[in-house]
Amino acid sequence: MNAYKEISWNGLWKQNSVLAQMLGLCPLLAISTNLVNAVSLGLATILVMMLANFAISALRAFIPYEIRIPVFILIIAALVTMVDLMFNAFLHDLYLVLGIFIPLIVTNCIVLARVEAFAAKNGLRASTLDGLMMGVGFIWVIALLGAVREIIGQGTLFSGIEMVFPTLSGIQLLPADYPGFLIAMLPPGAFFILGLLIAGRNWLESRANQRMRDKLFHDPGASVSSSPA
Amino acid sequence: MSEPIEVAPRESSVLRISARTAGIMLIFALVFTALMAGTYRATAPYVAASALAEKLRLIGEVLPQELYDNDLTADALILPPQDMLGLDEETRIWRARKLGAPVALVLEAAAADGYSGRIGLIMAVGSDGKLIALRVTSHKETPGLGDYINLKKDRNKTRPWITQFNNLGFDTVAQKSWRVKKDGGHFDQMSGATISARAVTNASGRALAWTLERSDRLFTLPANSRYTEEGKPQ
Amino acid sequence: MLEALLVMAFGAVLLGAALGYAAVRFRVEGDPLVEKIDAILPQTQCGQCGFPGCKPYAGAIAKGEADINQCPPGGDEGVRKLADLLGREFKPLSAEHGIEKPKSVAIIDENACIGCTLCIQACPVDAIVGAAKQMHTVIAAQCTGCELCVAPCPVDCIYMEPIKETVDTWKWKYPVIEIKRAA
Amino acid sequence: MTSYLFVVLGAVLVNNVVFVRILGLCPFMGVSKKLETAMGMGAATTFVLTMACGASFIIDRWLLMPNQLEYLRTLSFIVTIAAIVQLTELVIQKTSPLLHQVLGIYLPLITTNCAVLGIPLLNVSLRHNFLESLLFGFGSAVGFTMALILFAGIRERLEAADVPIHFRGTAIAMITAGLMSLAFMGFAGLDKYK
Amino acid sequence: MISKLFNFKGGVKPASHKDESANTPIVVAPLPSQLIIPLRQSARAMAHCLVEPGQIVLKGEMIAAAEGPMGTAVHAPTSGTVRAIEPQPVPHPSGLPAPSIVIDPDGNDRWIELKPFDYRSATAEQTRNYLRDSGIVGLGGAGFPSHVKLGPGEKGIETLILNGAECEPWITCDDRLMRERADMILAGALIMRHVTGARRILVGIEDNKPQAVASMRAAAEKLAEPEVEVVPVPTRYPAGGEKQLIRVLTGIEIPYGKLGTHYGVQCFNVGSAHAVYRAITHGEPLISRVLTLSGNMAKPGNFEVRIGTPIGELLALAEPRADTDRYLMGGPMMGVTLLSLDNPVVKGTNCILAGSPALFPPPPPEMPCIRCGACALACPAELQPFELYWFSRARIFGKAQEYKLFDCIECGCCSYVCPSRIPLVDYFRFAKGEIWAREKEKAAADIARERYEFRLAREEREKLEKAAKLAAKTAAGRQKAATAPTETDNPVTSPEEDAKKALIAAALERVRAQQVETQPENTADLTPEQLAEITAIEQRRAEIREMAKPHLRQDD
Amino acid sequence: MTNSPYLLKPASVQSVMLRVLLALLPGIAAYVWFFGPAILVQIALTSVTALAAEALILYLRKKPLKIFLTDGSALVTAWLIALTFPSIAPWWLTVLGTLLAIIVVKHLYGGLGQNPFNPAMVAFALMIVAYPQLMSQWPAAGFTDFAAQWQAIFGARQLDAITMATPLDALRTVLRDPEQRRMIAGLLGSNATFGNIGGRGWEWVALGYLTGGLWLLQQRIITWHMPVAFLAMLLAISATFGLYDPTRFAGPGLHLFTGGAMLAAFFIVTDPVSGATTPKGKLIFAAGVAVLTWIIRSFGAYPDGIAFAVLLMNIAAPLIDRYTQPPVFGRKQKDGGA
């Protein structure tokens, strides 16, 4: 159980694909113009990651070392193509919005990196969980980025939701005469906001470190002074 | 499968290794291609349906469903690239009829002189010579400034800019007034972003004129045939 | 369907063969990276990194089995160089492996030494001379200050002495920036 | 003839892969700490991407399109690219161990540089012919290399700057990339003068 | 006659303050109460002490001999008794003490017998050795041994340059020397020309010293020698820098790491020429020099001072003002702060400057560099000081070296002009020191690596040998096999282990050592020096062992 | 204790920045004369914002407030923002621009002296991308009614009466319309007398900047390299193309005396922090800005390319510096192993 917890924690925070490993940045930045796009792509990514990790973990015994990369890529590409076809068939509007970024999940470094670093060495259950958690780690970041960019950029949230659920519609979060800050929607804004997110993570990490250090170096001191001699 | 793996690479010849890897690649390729092909087969009808729906939705924006009763996709002309319409690739003209009588032509056009390049348009021209409605299908105008030509992006929700073309024809607005006010014409523009408005207005005027000149022929050519200019050989 | 399979089969066979061939033809031996890492390590050979010497630690880094911040004698400076070499992000020295100390040399109290040779065997760089039952002495110039000889000595006659500054070894200090917070 | 020039210039400046198309960011962030590595990575990517564009065009036109196998594009392109990359890697490893060391883990990761797949896919959707495909690939790669090198130049300087502690490293690099991309927006509109 | 002057880039023009001390003649300073003569002559060389405490020496007697190629001799500046040979504070930015000879003067100031040196009949080599033994070093500040600079070099020397620029504010000792002893300076220069075989002599003097120029010109005319030329050069700090002066007078630029001799020029301070003259024609070794006392003083002036005079004893001559808060040795641009007034005058001391908060206000706080480029415009070495600063500050030393950190001559022009008041030179000194230290560390690490690897190889070999022996033994007699495992035990034990256990282990160890007969052979690859050291140690040890025998614990 | 040199020239960052501010005054005076006091309001707004932002960050980073607040660099940035933004831009626009410039572009990089990008130009670029319409409403010449300008900055905006397209913008509008291209010769050619080149008033403002800039040169705050290279290159390229096809390309008069060309030549391109620093590098940098400015003005989507051109060259500055290091003393000629 502990191992699973660690896998989850790695995926969600410690080894977070984006914030810690700086992988999978392209879809992250390109598709996070609003929350709905972001989450959609995130879900597609999770799906691919789980399937890929599962498949490769299952097949790892049959893959010789020299051609492991082509084979991994072959498998991932096949999975991505299937997801792509599904999007085209069932979420056509979204398919048009996400454009080449669905096929590009293939090259999302994080998929291949995980497959190579984890699934190729671990069991089925752990690998699938790793795929899931890495994916969730990706999706929360891209969703956060999407939400922030959408709010700052145009003052709305969930705009474009009708592409997925035709009955719903986005909400205007800021006053209607909010002029919008276009930069947030454009590439520069994506970089800026991601930079701030990373700095935020650094800040949290350093605070955690500090707390740990305090625990290590102060608590014993405190207990010594308070404990009876 | 497991047998070749046990062969230590040092002992095997280059050829054998090549053959072995090729074999494994082959198997993986076959299995996964089969999977993909299966998915493709399974989703193909849905994909086609989605594409069709997309087209119909676009048409629906300029031409209300109630106005016609024929199957537009079956009653279309193939239109080769047309300079007058600003089109540099093959498009289609859909012909709407009600009870067999011509109702409207739906066609695409483009303005090449937008602020940031091409603006794609779709429009429905009624058999009475009026422009039923006009929409922008694609553009690269500056977000927040020139993008009001897109109905969805227009901040004026009560009377979006693009709707002022609804149901106008050269009878109500003379062809030489089919311009933005800034150029001495009939149509409003958004101050500070005249270029986009001018491009759309001028392109729509040209397209309307083009259509009206040959509207009869457009309605009468056989379905799914290729449109050619009169007098020119096929 | 059939075309798809054929196309992919064709590609797969071609690629698999080419790659298998290349993998054998172009195999390389040895890892020059280890040498490069070893060149950065301070060669104190103290084992504080958790490996029996600098070279083994270098090997572990190259294989990705050890982090780059485990060598206290190298200090933050050393970590920075490793980070540079390996294209990784700098991280401060890991506290569990020890802290950077001023460089020092071992001194054997010659009066107390019983000549047991334990320290000779502990010294990773043969900086202690002497033979069984004779007193031992550290050749200061060759002592790396690893402290490995201190613990084994049964009569506790080895101590570490920080190297003193002389006019010749003195260095200019980092200029202090004398901006005090106004108000 | 000039249209070919515009393909290249457009890919290098106006629609720069990194700053405008937002492709290839992982190596852009990862291999830009030093100028020398940036140059090496740029050269490797240029080679691979140009090759990939040529190869993928041929595959698309001669194998996939005639057989209505467009859905195999992603797969066949990426596998081709992976093969090109791996061959390149093996050759470099043998012939120039130094370069191989410098590029380290990033050479195999060229495969996962999404620009390397994205550009061939864009070639298809932009309906480029063979020469245009090659030039587009080359131009994009040059744009990538340029971005990488310029970025490395700034990052080397940043190393000595008194950046607030939480922003050191990737965070400030990200913000720098944003400002660079802002600067590249200045080229907007140049490509419509075809 | 007037040769074409060249220009050097950069430089600054601080107020010169020469008038304060330039107008009074050189005064001979009185005999101090004690003399402290450091054995360390320059960064490069340490003299070899010839005297012992208590020994009586005469004025001019050699008390330490030249050692090594860069060494020069040291002489007693007056007659008296050697009180001690001990570390004393020396004028060095570190303030650390260095070995020195302390002499109590007897007040008689009795000369040793002086013999002029007939350089015309001696070989150049002999003259150089004579100068070395007369303790002649450059008096321009760096204290570089003059006999080395007088060496033939690669191509021979064509031009001899006398440096009378004296570009630092306040300092006027060379000025006075040129005004008062122009003949001697030129006579010294002619000797140097003879030794080097140079063709011409150029004397460069900043044009803010017209009297010195006139006096030198007059002396030159008297000589009636061709190819001796006195050239006024534009006043701009650091026109007196060797490379800058050579550039101005000849147009030759000498890069870092090259010496004037590579280019056929050599540059000497006028004081050095004067000292050479005195040594050759009068046989007087270098035991005194002219220096300037100026700055925040009531009676600034120039004084002929014995080397070794404690600076504190000198100051009264010029009557420092009450608000003096520090003393500098050297000029305000390159001098060092004296950390103690006990520091003695050394051969390179050309000026003692009294400073006050008004003269040298404490620098305002350092601001970040705004890359304004003022420093680059001022740098006579044509460096980009702000780039060097940027890298030195962030400790990116490799880059600093790439940007030619070591070409910096530490003239201080960049710090002088910097609007952000950055102590640039301090950063460069820091960086240079770190780089040198690092190089030393690297060399040490390389040696350590070698020795470590050698040891590993040796252990490997020993193991193999042992195994072979063991195999032989087991073959010989099976019953002994039982003891074998203990022999391979690793004797290195944990610190917690108490001494007794270790002693037993040690005893076992010896038994084992005898058994296997493999003694540590780590003395195999030592240099003769090391071997000598070891023998010395062994000797010492033998003595100690004798002394310590009763106290040693019996271990068997 | 301090070390040598003990003498320091009386110079400070503060005096450098102060003189830059002084040098801006002639241009500002002309600005007020022709376009009313709105610009003064903007300068006040940006100055206060910049100082407040600076103080906040210094406080957060625990740096000495007084020294850095009084160094004047934030004010230079602030004034340049005010001068490059339309003087009747709404208050929040300039304030937002200034905040981003000071906080993100300057202080995230460590503050004074460390920013690789020109803060004022980033502010301009960010705002013209985000709010192109607001950033292109310039006051019409002769329209100096303070009340209306105040209204434009702080109140509801009814601008049509008081704005006009700047010449550069008018030019691009015309260039875009093939039918109007024929008119262009008239626009570009006939009116080209001083007082009418860059639109009434603007060339006097430019002249003011020129005066101040020359004074800065005389004060040795800037060197000749940047202004000369920038203006010469802009002149050369616009003259060449202006002669080649006067119906498509504006001539040098328009390029040099409209928009921010003069301001840029002396105050913006010369920013020491974000620009190149070697002599050759300065020439390349400034010439590069000129070429990019001309390209963006002539073909790009944004009317004035200066800001983008400066930022683009900022990106290249570290590399320019690196590859144009002047030879060090004694290392000019290749000789025996030197």
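Per-chain residue numbering starts at 1, and chain names A, B, C, D, E and F are given in the order in which the chains are listed.
Here, contacts are C-beta pairs under 8 Å (C-beta built on N, C-alpha and C of every residue); 3 or more make two chains touch, one makes a residue touch a chain.
Fair warning: this is a prediction, and the values are worked out from it, not measured in the lab.
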{"item": "Chain E and chain D - chains in contact with each", "value": "C, F"}
{"item": "Remotest chain, chain B as reference, centres from CA atoms", "value": "E"}
{"item": "Innermost chain by mean C-alpha position", "value": "D"}
{"item": "Between E-F and D-F, the pair joined by more C-beta contacts", "value": "E-F"}
{"item": "Intercentroid distance (Cα basis), chain E paired with chain B, Å", "value": "84"}
{"item": "Where chain B and chain D are represented by their mean Cα positions, the distance between them in whole Å", "value": "31"}
{"item": "Chain A and chain F: spacing of chain centres that average the CA atoms, whole Å", "value": "41"}
{"item": "Distance from chain C to chain A - Cα centre to Cα centre, in angstrom", "value": "36"}
{"item": "Junction residues of chain E, two or more chains touched", "value": "93, 365, 368, 423, 426, 429"}
{"item": "Overlap residues in chain B, where contacts from two or more other chains coincide", "value": "17, 20-21, 24-25, 28-29, 32-33, 36, 40, 116, 144"}
{"item": "In chain D, residues with contacts to at least two other chains", "value": "30, 71-72, 75, 79, 83, 86, 156-157, 162, 167, 169-170, 172, 175, 179, 182, 185, 188-189"}
{"item": "Interface residues, chain E side, partner chain C - complex", "value": "40, 43, 90, 92-94, 96-98, 365-366, 395, 423, 426-427, 429-430, 432-434, 436-437, 441, 444-449, 451-455, 491-495, 499, 502-503, 505-506, 509-510, 513, 519-520, 522-523, 530, 533-534, 537-538, 540-541, 544-545, 547-548, 551-553, 555"}
{"item": "Partner chain E, residues of chain F touching it in the complex", "value": "1-9, 11-13, 15-16, 64, 67-68, 71, 73, 110-114, 221, 223, 272-273, 275, 277-278, 321, 325-333, 336, 338"}
{"item": "Residues on chain B engaged by chain F in the complex (per definition of touch)", "value": "113, 115-116, 142, 144-145, 191-195, 198"}
{"item": "Residues of chain D that touch chain F when the two form their complex", "value": "35, 149-150, 153-154, 156-158, 161-164, 167, 172, 175-176, 179-180, 182-190, 193"}
{"item": "Residue ranges of chain C in contact with chain A within the complex", "value": "12, 15-16, 19-20, 23, 95"}
